[in-house]
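In what follows, structures are represented as structure tokens.
There are two complexes below, and they share chain A, which is joined by chain B in the first and by chain C in the second.
== the complex of A and B ==
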């Protein structure tokens, strides 16, 4: 195996694949990055126990300046290999596999010889058939992921809750996540010939949206029994699926309400951030919302016995229904508010001080809901 | 005490004073920030065991929009107080001390009441007389500090070596630092009526240069027996001095040399950074420089038994003298090279493989020297 390539084009691709590699993996070969060179181009592969990624650099794209002297494969220690390539002096570099997987890297005045591993021992990537692909516009897909992963559980005690449930029927996609204290549910219209009910790990989705470049217009998704494959540009992104049955989130969302507030997401976020400065210092991290519908007044209260108290009169566009005093974790409300984006008009609906309350964007109320369970303080 | 003030002007000053405050201090009142309001303006004070800082916001400067209703003093928990002020909604805020040091802060829809401490219990700042001030152009002062603090020791076993020695005579200022493996010495011309020999903690100097804004043209320095006071803008920056006798660094710098290299600082830095990628992985973190004067060739070698080897042919402007093989810690060389700034022509002078070698900028060779002790590898 011997080739030369444009250094910055190569770095663009390895920095993506690098995300799939854990340098702390207990399987030594998985701390490496695999390079496979065929006449058609160079495939770079990284993998950990949750996700795998390949990126393909085609020979036919002249920008890559990929010159092949002989084909072959090698696995190189990913952290060093990437640091070395980033610091090389030239615009191009040359890579050649010598005896015993020793690999020579040359660029300008620099010559590195690093110890590689035999690519034969690298695990095979999962087989996912590319039939029944679902295609998403990238921006919409990122929105769905970013709006739901906020509610994913970080505790491994109920593994299914560490994922986002993708429920796909002929009515579209419903993505939902809950950590049992709060819930986020988003619906979009897509067409699919088959129904699917899958749970994708939240961490995989977070890495996936980070990997998708701004120039990517569409992303396609293929599903097998225990793997999902996302395909965009020259990148294949594989994630394992979570086993188990996801709770039916539809049942958890209340239909009616007794008190309703309408406000701007950014205004309320700023108030909650200030109130949480003090609640974070108290043992239970709770803030109280007091609604006096007759006076059209809603006030947030936070306090910490050590530091002091805070009172925020909320800037609401509308207040209607019954008076209410309700307490909750401000961090859940902050996450929910951020998921709507800035300066979005939101309706917050309450049943009672002991029942979960919801937040919905007024402009898209049927397709997106955030739900938060209050804290009983009396 | 009651006043209102422009929020962003206030934040500019507190963010400086904040540097002097350790929120982990074992003396509770020192985790606070002191506010002293007189008719002439507001003085903000922070202090830890090493440095103290005050910043003055004058009433007469209309930009500050400082409106005084009643004067007085208070100490507020610095971390919260600063976070609160940063997040307040309005352009201005009002602060009022109520009973029992409770302090009310109002801005727009927000109202905070935080628990303060009695300012009477705040320690007095050191007395430093403002006679015999030395005045430095800010850029030159920052240069002297940045070029010497790199060589300061981080180990407390010999406390004097954690400081920079300022030796001031009628010939000017010589600043020197050494951790006993490397040394940096810089001279500048200043006029002083008295001689001084002081040791300023490296950490104090690092904080000081971070505090000095880009718009500051001059900085003045006053010295007392165990304190030094730097004065610029409306800021007073106090640092304790280190007790003890600083080694005579002049004696350590060799006068003659047998091998000399001339090169561009940025070129050599890039080569050393690459070579150190591998040396960092080996137990002893050493790279080897091989000079063949007849061939006009200098080569750096780094290696790690686990990862591999690297060879860098250096891009030297001139090589003269005897052949040499010398080994050293690449991190010392990187620090030294960075201290010269980018694209500076440097002369590196060697006596033998076992003697310290020096680096000097060709354009200012008499006033700045970095010295590095080699590592014996045989």
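== the complex of A and C ==
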């Protein structure tokens, strides 16, 4: 195997694939990056137990300056290989596999020989048929992920809750996540002939969103029994699916409420950030919201016995319903507010001091909801 | 302070008589698993999915546990929170554990969340009663003992378990089984599975089966070595010692175990000469009753001055080995030769 290629174009592709490679793995070959050279181009692959990624550099794209002398494949230790390529002096480099998987890398006056591994031993990527493809506009897909992934659980003791549930029917797609303290649910009008109910690990989705470049217009999703494949540009991103039955989130979202507030998301976020400056110093990270509906007044309180207290009257557009005192973790509210984007008008609905409350955008209230569980007010 | 037996706890849970904070003491895994199962059954599977969490306090901060406990239930009646390995309740030094602030728990148990059931599993030999948090738990929590069963109760339980399964065990076999497992019911239930398979046709478990199938602990094997030395069986003692060497067991470890066993024999001998019963000795030495019973039987046949001289010699041997005054294997061999 021997080829030469534009160094910066190559680095662009490997930096994506690198996300799928872990430095420690129970399968040593997975700490490596697989290069597979065919007449049509170079495929770079990285994988760990959760995600796999391939990036294809086609020969036909002249920008890549990919020149092939002989085809073949090799697995190279990704950490060293990436660092070497980044530090090479020339704009191009040449790579050649010698005897016993030794690999020669040349650029300008620099020459490296590193020990590779036989690509035959690299695990096969899962087969995901591309028959049932769903196509998303990239911006919409990123928005759905960013709005839901905030609520996934980090506790491995409840594996299904560490993922985002994608429920796809002929009525649309519902993405939901919960860690049993908060819940986020987003609906979009993307339909499918077949019904799907899958749980994609939150970590996989976070990595996927980081990988999708700004120039990508759309992303396709193909589903198999225990894998999902996302396709965009020349990148294929595989993720395992989580086993288990996801709780029915629809039944968890209350329809009625006794107290409602309307406000601008950016204003409230700024207020909560100020209140949580002190609550983070406290033993329990809790802030209290006091609503006096008659006076049309809502006040946020934070305190830390060691530092002091904070009190702020909120700038609400509307207050209606019953008076209420409710406490909650400010971090959950901040995450929820950020997911709405800036300057969105939000309605916050409360049932009681010990029941979860909801946040919805006024303009798109049926398609997006964030729900937060309160804590006991001391 | 409310103390409950496991059966009382299970009845209370079934009836819905729930407290907010429970402290489960003792190390008997069979009982602990049974208690955990009983607590989980107070919730439906759907409710459990959202409102049950289990924390290991050697790895997770107490603040996380308290934050979970003060949270309202997530579309259910209550939250159930298990907290395991609360090492800060003991006097033990622990390595590589999260530094905890027990005051967080102290403040919580003084004012627990009505909709949360917090269950603390303290699977330790003893808690440090001088600590403020332990005092508060003993005052405010409902305490359930999941510790070892006492002799007659344990024997009755084993016989009953076997009878229900259609088996019988000889009294001598039962005594040997209890001795070999140090009365650990979890270990006994594991070993009984094997013994039942062995006696599948006869449905009768005899002493030979227990002797052949139930492994001895290292301490028991060293006890056998010490017995042979005390009984002056030099060949048997040498044979056992060589087996230890083949198993790559360091003579330093053998010396340490013999020191503790000789100390126990002397203590038991002194206390029994003062007229104390086995159970009183076990309580005052804070030891497993089976160890005391076994040591008492052994001590009866030995004279105290000889035990004390031997104890001094083995402590001296320990010093010689650790200060490099000779080859440790040879020094231990000479010790056997001197006494056997």
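Definition applied: the second predicted complex is superposed on the first by the 377 of 378 C-alpha atoms of A that agree within 3 Å, B and C clash if a C-alpha of one lies under 4 Å from a C-alpha of the other, contacts with A are read in each partner's own complex, and residues count from 1 in each chain.
Simple rule for what comes next: a contact is a pair of C-beta atoms (placed from the backbone, for glycine too) under 8 Å apart; a residue touches a chain by one contact, two chains touch by 3 or more.
Everything numeric in this text was worked out from a predicted model, so none of it was measured.
Enquirer: Would you sort A:102 into first (chain B), second (chain C), both or neither based on which partner it touches?
Expert: first
Enquirer: Go through the superposed model and pick first if A:313 touches only chain B, second if only chain C, both, or neither.
Expert: first
Enquirer: Please indicate which partner A:115 is in contact with in the superposed arrangement: first for chain B, second for chain C, both, or neither.
Expert: first
Enquirer: What is the contact status of A:158 with respect to chain B (first) and chain C (second): first, second, both, or neither?
Expert: Second partner only.
Enquirer: Contacts for A:322 in the overlay, against chain B (first) and chain C (second): which applies, first, second, both or neither?
Expert: A:322 contacts neither chain B nor chain C.
Enquirer: Check whether A:88 is in contact with chain B, with chain C, with both or with neither, and answer first, second, both or neither.
Expert: first
Enquirer: Quick check for you: in the superposed arrangement, does A:375 touch first (chain B), second (chain C), both or neither?
Expert: Touch status of A:375: second partner only.
Enquirer: Quick one: name whichever of chain B and chain C touches more residues of chain A.
Expert: B
Enquirer: Given the complex with chain A, which residues does chain C contribute to the contact?
Expert: Residues of chain C touching chain A: 46, 49-51, 53-54, 63, 66-67, 70-75, 101, 103-104, 107, 111, 113, 115.
Enquirer: Report the residues of chain B in contact with chain A in the complex, numbered from low to high.
Expert: Within the complex, chain B contacts chain A at residues 77, 80, 83-84, 87-89, 102-103, 109-115, 270-271, 273-274, 277-278, 281, 306-315.
Enquirer: In their shared complex, at which residues does chain A touch chain C?
Expert: Contacts found on chain A: 155, 157-158, 160, 178, 180-181, 247, 251-252, 283-286, 329, 354-356, 373-376, 378.
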